[in-house]
Structure formats: structure tokens, C-alpha cells
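Consider the two complexes below, in which chain A is the common component and chain B and chain C are the respective partners.
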Partner chain A sequence: MSSTVGAVPPSAAASPPSSVPQHRRPSYRFGRWDIKYSPYLYIAPFFVLFGVFGLFPVLYTVYVSLFDYELLSGTKEFAGLENYRVLMADAQFWNAAYNTVGIFVLSTVPQLVVALLLANLLNRQMRARTVLRMGILIPNITSVAAVGIIFALIFADRYGLINWLLGTVGFDPIAWRDNRYASWFAISFMVDWRWTGYNALIYLGAMQAIPKDLYESAALDGASAWRQFWTITVPLIRPTILFTVVISTIGGFQIFTEPLMYGFGLVRGGADHQFQTLAMYIYEQTFTGNAEYGYGSAMSWLLFMMIIIFALINFALVRRSVKGEKK
Partner chain B sequence: MSVIGRRFRTVAVAALAVGVALGGTACSKKNDDEASGEGGQVKLVLQTFQNFGYDQAIKDFEAANPNIKVEHQKMGELRDFQPKLVQWLAAGSGAGDVVGLEEGVLLGYVQNHDKFTNLLDLGAGELKANFPEWKWNNALTPDGKKLIGLGTDVGGLAMCYRKDLFQQAGLPTDREEVSQRMSTWQDYIALGKEFKASGKVKAAWLDSATSLMQPHVMQNSETFFFDKDNKFIGDTNPVVKQTWDMGLQMAADGLTAKAQRWSADWDAAFKNSAFATLPCPAWMTEGVIAQRSGPANAGKWDIARIPGGGGNWGGSYLAVPAQTKHPKEAYLLAKYLTSKEGHLAAFKEAGAMPSDIAGLEDPAFKDKTSEYFSGAPTGKIFGESVKNMKPVFLGAKHQQIWETIVEPQMQAAERGRLSSDAAWKKAMDEAKKAAS
Partner chain C sequence: MTTAQTLPRSVAPPTPAPPRRRRGRVPGAQLWQASPLTYLALIMGSVLSVFPIIWSFIIASRDNSAVYEMPPVPGDQLFTNIDRMLANEDAAFVYGLVNSAVVSSVVTISVIFFSSLAGFAFAKLKFRGSNALLLVIILTMMVPTQLGVIPLYMMMVELEWTGTLQAVIVPFLVQGFGVFMMRQYAMSAISDELIEAARLDGCSTWRIYWNVVLPGLRPAAAVLGLLTFMQTWNEFLWPFIVLTPDTPTVQYSLKILSSGPYQTDYVALFAGTALATLPLLIVFIIFGRQIIGGIMEGAVKS
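Up next, the complex of A and B:
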């Protein structure tokens, strides 16, 4: 209550009846209201939408994860931390975590390195520069489902393009799905095909902000192109590299569609779950079978925490290994 | 204090303003819905997946019931529709007044039937004689007091075979003769060995060891993975293990193409003529085999009777969720669509085989032949396979256990990733876990 009283401007409360004509007061008051509150109103849509579609679902997931909640049978009983306890001992969950991390490392490391080199190449004077620069983004704007279908065909076990090529030069076909690491490779390839160009374009944007005279003076000092790249380009775009690492970590840990399409639409991820990712396992538990919402929520929440932890680790690792500007 | 209070209030006012705006739109939408229900007109929402072939049937229904308007929402593939339906049913709103349920999905709801209207209360009892006994009983709760769905299509079973490959291997090609040469599964395997021994064809005999499971188990056992009390018996049901061994023995003898069903390789195997036979439900003929084999192989396929007599594979139901505001009208719609007229219209439009007994006898279905399959009398072959079938109890989680656990493990064993024993053990351990 005290805050409400305090909110009334003391001057207005204490001032004697003024001589200003009555009809002018409302508009004067409106003007003050306008200046004071309008900014909040302008930014409110974001916060309201974020609250409704971002914050609320996250918090509700935490709430649901404390229940034994099966949608199919309608069971909803408070279970405390039981879901988390079961989760810790769930071999399939840790298998999915292993696959997710494996696919993430196998896809993100080459992806960012290649993107960096690609951006460096595109940062030079050359013909058809704009066409090339835009061209590398094309894989990113193709539908992920279409990419999945095509790559599932290329990496098909029996009639696939790659196994056919291997056969023509006398190699044995690769069991693209039965072999865990072959499947990881194929899925990573799909991810990289889509995202390398996107990251290269972001790097390119950052590189263009580097003053040209730095390179000129380095060249005068006799620094090779490679030396220039490592001692000027990379340190100066370090914030951008950190940004892409964090974004790739978030995206990589949520990988779902690529392995799903690769397994011909089955969330199982191979006969032995050899390429089932965390997102696929969450889907399997939450939306198929008994529709175990409580268990799925617990997993989602754990995945959320894992993403934060890995993003921080990666952030720290890259910040250490890439030297920034000396301060 | 006062500063915090003022700030908080401002944010609250802003939030309220936006909230009111959002709420306003939500309310106006609701009013629209209610308005359409006025004036004696009832609007029903029908939700189906894939293609039920109901466009014409709905028009006929609306013409006969001018007070009912039907909005048909086609929800895409079953795997997209089913999770949504689960959510809508749990939330108490969003599901249509009539929904299409695939057999495996329906069985899951027979146990948790409180989300659906009891069609017996609406007078469905009179329709019992229209359907084969097993089709009717599948939608009935164990105590027999509640019916949650009316049968749409069934998947009568036959054996599709490649006439041209049979000829190359020196086997008979006439469908009557072929049917007789493979009247039992033992004969079928023996014929396959003969096919292979001819040495004149590169193709395998069967697409995959897993293709045997559904037809063979369902012909030889009254149960599959579950007994009638819904207890998991997959590991002790002798017929399941026997069929597993039979299939993998065929693979070991080099009679199967080891293609993973529903994969890109399987699709390509059709085009490349990689196998000569395939147990085929009715819905698979035009929709799956003809499409994947392509026009280049038209007239090379033919259809014989399935070894061991009849069989069924797949099929769907229409149910009325308990959340509907118009149960009577919804029942009328479901009743019409699963009547002889509805069945035949769907057959004409989408090739869905009727489960209605009168529909199966109707010339429109019975005399149907398939041009792609060398003019085979599909109506007659598939019709007979369904009528002779005895009911098999599948249980709520049958489809899940078959499709996501047992089949993948069996395929892994077929391709040699695991030994048969190791795959069997893994499959059964996982299935037990999923069943509990």
C-alpha cells in the first residue's frame, strides 16, 4: 500500500487548486504519462510474448518434470525427483547423450574451421564476388527435410551413391547405418553441408570490419598471408567466433531432423539406437508410446542444462585458444 | 520503495494492456465458433490421416443431412497426427468430432477409453452384423460394454509375386498354379529354394525376413506379443519365436534381399527387381508396390493367395471423442462413412478395402481387377482373405513393440550386425520394458 501512495506525485497531491483552466489539465497529464510510461509500453510486447511463449513453457516443463504424467492414460501424480532418478540410470538416455556429443564434435569442429577458411577466401578481391558470397548460403535455405531425404539416398546402404562409387573402385560397401561412427559421419556431413556457408557468411561480415591498413602494414613488414590470417584476422574476429561457437552448440545439441530423416523417419535412430540423439529420445518418450510427459520434461530440462554447460565450456576453450587483442 | 512500486506498476499496466489485446482476439474467435453453431446448423469436424478417400462420401452425407456441415481436416501422415491427437484428447479440446484411428492406435485407446464416447449408447449395437467379428471386437473394451470405434478399411492379405522372374527361374507363372504351389509356408520356402537353385536369376526370393512375421504369426496364433489380459508374452509365445527363426533361416539360406522395409533401399529394391515375392496387404498393392516399382515394371507383378489361407494387416477406425459437443450428429457421420455406401465411395476414391461385409460382396469391390498386377482379381483375392480370418488379440502396444523394437532388431540380425540369439534377447528385454 505504501508504494501506491508513494507513486502519486507528491507535487500533484500537495499543490493547491491551480489557476490553470480545467480543460487543459487532462492533456497535460496525458503528456506526462506518455513520456513516463510509453517506453515501457513499446518494449512490452517482447517481454509479454517471451513470458508467454518462452519463460512460461520453460518453468512449466520444470513443474511437469516433477510428476508421473502420462498423457495416454491420463495419469498425473506428483513424483518428486523420481523422474530424474530414473533418468540417471537410463542407459538409453546416456547413449543418446553420447551420440549427441559425438555428432556435435564431428560436425561443429570441421564446420567452423572450414567456414573460417572459406570466409578468408571470400574476403579477397575476385570476380563474381557477390554471387559466390550469396551462393554459399544456398544450402542453408533449402528445406532440412529435403536435405535429409537426399542425403539418406546418397548414404543408402545398398543402392546409395557413395557405396556405388566405392564399389566401382573395388572397395567394400560401408554399413552407413549399422556402423555407429559411419552414421555419425553421414549425419555430420549433412549438418555441415547446411551450416558451413551460414557461418562463413557471419565470419565474412566480421572480417570486412577489420581496417585494411592493418594488412597493408603487415604486408610491408613481410608477413605471409597465412601469418596475416592467424595474427590479424582470427584475433580480431574473436567475438564473432565465440558467437558462432555458442550458437552451434545450442543448435548441435538439439539436432533432430537430420538423424530422423537419416533413419527413414524412425525416432529409434538405428536398430541399436546407434544414432539416436537426445532430442529424438525426448520425442520418443514424450510423443509416442505412453506419451510420458513427465519423463520427457525431465529430459528436456536436463538437455537445457547440458547445453548451458557445454556452451560455457566451449566459450572458455575457444577464448583461451584464440588470442584476442592485447589490452 | 516507491520507485520499485512505480516501475512494477507500469510494467503491470503494460502487460495488462497487451494481455487484454490478446485476450480480446481470443474471445472474438470463440464467438465466431459459437455463432456458426446457431441457426439449426451443426458443424462437425472430421480429422483423418493419409487419405481416407472421403471427399465424395462427405458430399453425399451433407446432401442427406442438410442441417450438418462437415469440415474435413486431413492431418497428413499418421505419425504427425497421432501425437497431436494425444495432446488434444488430454487437453479436452482441439480434437475433431469424428477422428480416424489407425488400428494400432485404437488398440492403445481401448484400455484408456474414457476420452471416447461409447458408440453402443448411441445405438451402434445394430451395426455389429455388418462387420467381420474380429474387426468389431478390436474396438470393444474387454468387458464388451463399450465400443469406441467403427471399422473403416481392412488390409486383406495376399502374396504379390514377379511373374517375369518366376518365368526366368522356370517356375509356374499362372496365379492359380502359383497359389497351389505355395499353399503352406513350408511350400513357399521350398519354392524359394527352387527359385534360387535355378541359378538363372539374380533376385532374392523375399524382400526381408521381417515380412514373414505379421502374416505367419497371425495365422498360427490367437495372440501376438500380448495375452488377452494384456500381459507381455512375446518371449514365451512359441509362434513368435518360431517365425523369427523361420525368417532368419531364410535370410541365412540367401533367400531374402535383406532390404530394410520402408527405407530408401527398399524403395530402390523394387525398381531394381531385387526380390520376387512380397506378402502384400490390399493397401500396399497400388499405393506402395506399383508406385515404387514404377511404370517400367507394369504387368510384371501378379497376385496369388497368401500361404496358409487368409490374413489381415492394418486398417482403421472412426471414433467420436468424448469432448465433442455434438455426439449424436458425430455418430451419424461415423455411421454413414462406415456404411456400405461410405466404404464403397472410399474404395473408389482411395482404394481402401471395405470392412463392411455387404461392401465386400458388392460387385463394385468384388469384381475389381488390377491392371498393374496383370489383371489380377484383387477384389476376389483380398475379399476372401479377410472373411476367413480368425480374430487375433494384438494388445494396446502391439504396433509400437513391433515397429520400433522387434522389427529393427530382427533386421539387424538379418544383416548380420548381431547374432539371431543376441538380437532376440535384446528385442525381448526392450519389449518387456516398453510393455510395463
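Up next, the complex of A and C:
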């Protein structure tokens, strides 16, 4: 990356060489240079800025994770894999990992399945098409912080909307925060609410690229609408489904703001950390208390590994199951 | 705006099965007509989507004693609540709104500029390694950059940028998705002949970009701009880490309102969420069609 950037000294543009006597006008030389090298100049800002503020910090996390690094006390000592060893024995880390995976599964699977079904419904000729599409997309434009605040009240234990609804049909109220799994559900519900419509539109975009005569001939063969959905639509938008699965995995494992706001802005994630996610625990270790940068970095790096592993697993799982439907 | 006419290839009606040729005989034809059940399901989905937002506006208009009252009907305290919320000096809500507007605008302009520039180069200019570099850009979309916040924060401390707006602007100036989106659009929207003609007229590559390509990319740039603006406006984690309560973005102000001593003043808090959401709601209502088109467009290409 750096070599391509280095090959184009930006100053060359400003000073066309004039010492050599020439038959052609200098602008011709500039023109040749312009055609050959200026493309690198145009893409360089992306690579430089992403390299410095995107890629470098992620990689540098590995380096920091090898140190006993505390900003407040000024400690910085090489520690090897000590941070990782401590981490493996840290019950709160495993608790956060458990919560993160649980919330991820609860929030991603229903989200993508419902999005697929919604997209299928939207993929018709209908009135008020734009209004309905806007209707399901609108949660996506609200801020995560606002969503967290709103849903914290909807899922409030004593007078919340959901418990009120449960009460009117004769159920006992649910402890939406004290119960670990209930809190996972509530947090996942927020994520689903915010992202289902967005994914549905991505699927819809892919569905509309499918040639319609495929469906016509399937219908002539007597395939039901449901069968057409599974044997034509789903296999043909498989690349898009895989894309959303990978992107959702990457995003879902980094979940931070929803559980934070759900817990009234506290990173501990409930009295017993019952809904503290890895991103919250990283924050707690790094930006509060002793500010243990090394420890937080080790955790970040493990989370990075988890994301890669789960993204690959999910990718393989979905590819396999969707392919199976085609046969 | 003219964007509506030019962009929406995918927003155009989803070409239904031609009804003329074999009318009524094909069972598949009815698949493309929405049934009442379809409408019902979609309307329910929309209601479920819109309700929490409306409900939060309703609470913002009530008195604190009536927060939990059940049929959701609005109260008459909206402006009182807004006033009290704005008067809260710790949350500095107005300052947060202004900061968010500044940050989101700068980031949006920068992302449009750099994305269209690089997208143009990838779509229309020949240079060695362009395919490999494009692949790198696509891969950057997969990097969970949030996991680099600790070194990034250390960099900001080093630069003495903590608590300043450039700390939440500079790291977001470019976006892999934007480059890719602009490249895809430029491939189909800008003809090679146009660029050749401009070259023969003696235009430098920069002039071609500025005078020929950029105007042609306007529809896609508008969509990218809308998406980027909303995303930046809603950014939470990084501003929360690197900014301080006396220089908040609007999301940070909300966080202050929702915790600590103000936590119990629900109606003021909800007045805050309403005001923080309102600008985006307005943008969405005006440009919803383009935003939807942009999201669907991305799907076909990826």
C-alpha cells in the first residue's frame, strides 16, 4: 500500500521538468504523467486515511495487548501473553462472551429470516409501495442511543408497555433486566427492530434482479408460491444473504450502545453483569477505573478472532443450507 | 431535486409479469399482485416500526406523573419539557446539536469528495494494480475498526485531540463503502466516449473529474451523502470515548440526560430523544425514496 503512495510524489504535479529542451509543449509531458500516475493520487487519500485511522489501530491493538499498560499510573511493561492468560481465567470475560454470543444469535437469526419474508412480501405489484418501504425502514434512521432509551422504558419492569400488555392478557410481569435471558431478549428486540427493515430492502433489491420468467415457468410446472420462494428466490439471492450474514456477524459481535442505554448508561450491564457484552467489558477495563489498556487490547483482539471465526462458521452454515434447498 | 429521475433503476416499478400474453391462465401471474394479506402484514410491520417513535414523542409531551399512563394519548407539556431539557447545562443539548451538525456535514462532504474521486479512478482510469487495490477497498469494509479504539484513543491523546471535534471527524473522512458505491455508479453512468472527448479537448484528468464526472455522479453522491450524514449523526461509541461532556455531540448529550441525576426526569429525556431524532426524520421524509433506492442499489451490486 505504502509503495504505491510513495511512487507518486505529489510535488511532481506542480513542477514539470523544464531543464530538458523539448520539441513538444510541456503540457504534453504533463499529460502523459497525468494519465499514468494521477489515478494513484486520486485513490491515495483513501488508503492513507484508512491506513492511519482504521487499519493501523486494529493491528496496533496486538502490540498493546502484549504490555502491562496502564495510562493513569504510567505503567508500561512488556508482559508477553500474560494478559491473555489472565483473561482466560477471568469469569467476567467469559460471562461477557456468553452474553455477546447469546444476544448475537437472538438478534441476528430472527432479523434475517423476517427480513427475507418481508422482502418477499414487498416484491409485488402494490399500491403505496414507497410508503410501506419507508414504514419498515424508519427504525433504521433513529439513533441507537434514542432507541436504547425508548426501549428501556417499553421494557421497564413495573410500568413498562410490554408488561402492561402482558398484564392485560393475564400474564405475570417479566423481570426484563434482572433475568438474564429476558434482558437478552429485550436487547435483541431493539436490534431487530432497528435492522430488519434495512435488511429487507437489501434482499428486495437482490430479488428484483431475478428474471421473472423463471417464476412463470415454475408456476406452469405447478410449483406453489412457497416452493418458488424456496427453490428460486432464496438460492438466487444467496450471495446477498451471505453478505448480510457476514456483515451482521461483524456488527453484532461489537454490540455496545443498545445494552449500555438499556442499563441506564452504565457499562456494567446489570447488577450481575447479566447483559454486559464484550464491547462493554472492554470499555469498562480500558476507559474506567485503572485504564488497563493492555488488558482491554487483549480482549479486543480475542473479540476480533471470535468475529472472524463466527463469520466463517456462519458463512459456511448458510451457504450449505441454502445450497441444499436448490437440489 | 433531480435525483429522483436519474438514480432509481431499482426504485422503478418491479416489472410485473406481463398480464397480456397469457391473461389469467398462469397461476404465477397472481404472485406479483399483492393480496390483502400481504398488505395486512406490511401494514402491521410498518405500525410496529413507527409506533415506538410516535410513542416516544407522546411521552415527550406529557407530565412526569403521567409517563406510564396507558392509552397513549399526547399531553400538553411538550414545550415545557423541551425548555427544561434545553436549560440543563450539564447536557448542553443545543451545543450537542450544533456539534453534531458540524461533524456530520464535514464528514459527509469529505466522504463524497474522496469516494467520488477514488471511485472515478477505479471505474474509468487505467492503472497498474487497480483490480487488486479495489479488492483491498472491498476488504476494508470487513475490518471491525471499532476494535481499534484503544490505540486510536492513544493516538488522540498523543495529538492532544481528545475533547475536540476533529477527533470525531478525521477518523471518518473516508469510507470503503463509499468508494465502492461511487465506482459502481460511475461504471454505468459515465460513458467512456464522454471522457475520451474531454481528453481530446485537452482536459487534464482533474478537469475531467471536476467538470464531467462529478456532475454525472450527483445522484449517487446525494444518496451516499444522506446515508453518511445519518450514520455520522447517530455515531455513539467513539464520540462517547473521545469527547468530554463539555463538548458533546447530540448523542452524547442524550447519554448525559439518561444517566445520573437526570435519569428520573423521563419527559425531559424523551423531549431530548425527540429533538435528536427530528432532523433525521425530516431528511427521511423528504428523501426517503432516494435512501431506499440507495440501499437497494447496493444490494444488487454486492
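In this text, the second predicted complex is superposed on the first by the 292 of 327 C-alpha atoms of A that agree within 3 Å, B and C clash if a C-alpha of one lies under 4 Å from a C-alpha of the other, contacts with A are read in each partner's own complex, and residues count from 1 in each chain.
Rule of thumb we're sticking to: contacts are C-beta pairs under 8 Å (C-beta built on N, C-alpha and C of every residue); 3 or more make two chains touch, one makes a residue touch a chain.
Treat the numbers as computed from the prediction; the structure is a model and nothing was measured.
S.K.: In the superposed arrangement, does A:287 touch chain B (first), chain C (second), both or neither?
M.R.: both
S.K.: Tell me which partner A:153 touches in the superposition: chain B (first), chain C (second), both or neither.
M.R.: Both partners, chain B and chain C.
S.K.: Per the contact definition in the header, classify A:319: touching chain B only (first), chain C only (second), both, or neither.
M.R.: Neither: A:319 stays clear of chain B and chain C.
S.K.: Which holds for A:238: it touches chain B only (first), chain C only (second), both, or neither?
M.R.: Touch partners of A:238: none, neither chain B nor chain C.
S.K.: Quick check for you: in the superposed arrangement, does A:178 touch first (chain B), second (chain C), both or neither?
M.R.: It touches chain B, and chain C stays clear.
S.K.: If we overlay the two complexes on their shared chain A, which of chain B and chain C does A:40 touch? Say first, second, both or neither.
M.R.: The answer is both, since A:40 touches chain B and chain C.
S.K.: If you stack the two complexes on chain A, which partner ends up touching A:219: first (chain B), second (chain C), both, or neither?
M.R.: Second partner only, chain C.
S.K.: According to the contact criterion defined above, which of chain B and chain C contacts more residues of chain A?
M.R.: C
S.K.: Return first, second, both or neither, reflecting whether A:266 touches chain B, chain C, both chains, or no partner chain.
M.R.: Touch status of A:266: both partners.
S.K.: Taking the contacts chain A makes with chain B in one complex and with chain C in the other, which residues are shared?
M.R.: 4, 36-37, 40, 45, 47, 71, 152-153, 156, 159-160, 264-266, 287
S.K.: Going by the contact rule set out above, which residues of chain C touch chain A in the complex?
M.R.: 10, 13-17, 26-29, 31-34, 38-39, 41-43, 45-50, 52-53, 55-56, 59, 67-68, 70, 114-115, 117-118, 120-122, 125-127, 129-130, 133, 136-137, 140, 142-155, 157, 170-171, 173-174, 176, 179, 202, 204-206, 209, 230, 233-234, 236-237, 241, 250-251, 254-255, 258-260, 263, 266, 269-270, 273, 276-277, 280-281, 283-285, 288-289, 291-292, 295-300, 302
S.K.: So in the complex, which bits of chain B are touching chain A?
M.R.: So the residues of chain B touching chain A come out as 1-2, 4-6, 8-11, 13-15, 17-19, 22, 79, 82-83, 86-87, 89-90, 108-109, 111-112, 114-115, 259-260, 262-265, 268-269, 272, 397, 400, 403-405, 408-409, 411-412, 415, 417-418, 426, 434.
S.K.: Show me the residue ranges of chain A that touch chain C in the complex, using the header's touch definition.
M.R.: The touching residues are 1, 4, 27, 30-31, 34-40, 42-43, 45-47, 49-50, 53-61, 64, 71, 118, 121-127, 129-139, 141-154, 156, 159-161, 164, 193, 197-198, 201-206, 208-209, 212, 215-216, 218-220, 222, 225, 228, 239-240, 243, 246, 250, 253-254, 256-257, 261, 264-266, 279, 282-283, 286-287, 293, 296-297, 300-301, 303-304, 307.
S.K.: What does chain A use to touch chain B in their complex?
M.R.: 2-4, 6-7, 36-37, 40-41, 44-45, 47-48, 51, 71-74, 152-153, 156-160, 175, 177-178, 264-268, 270-272, 284, 287-289, 291
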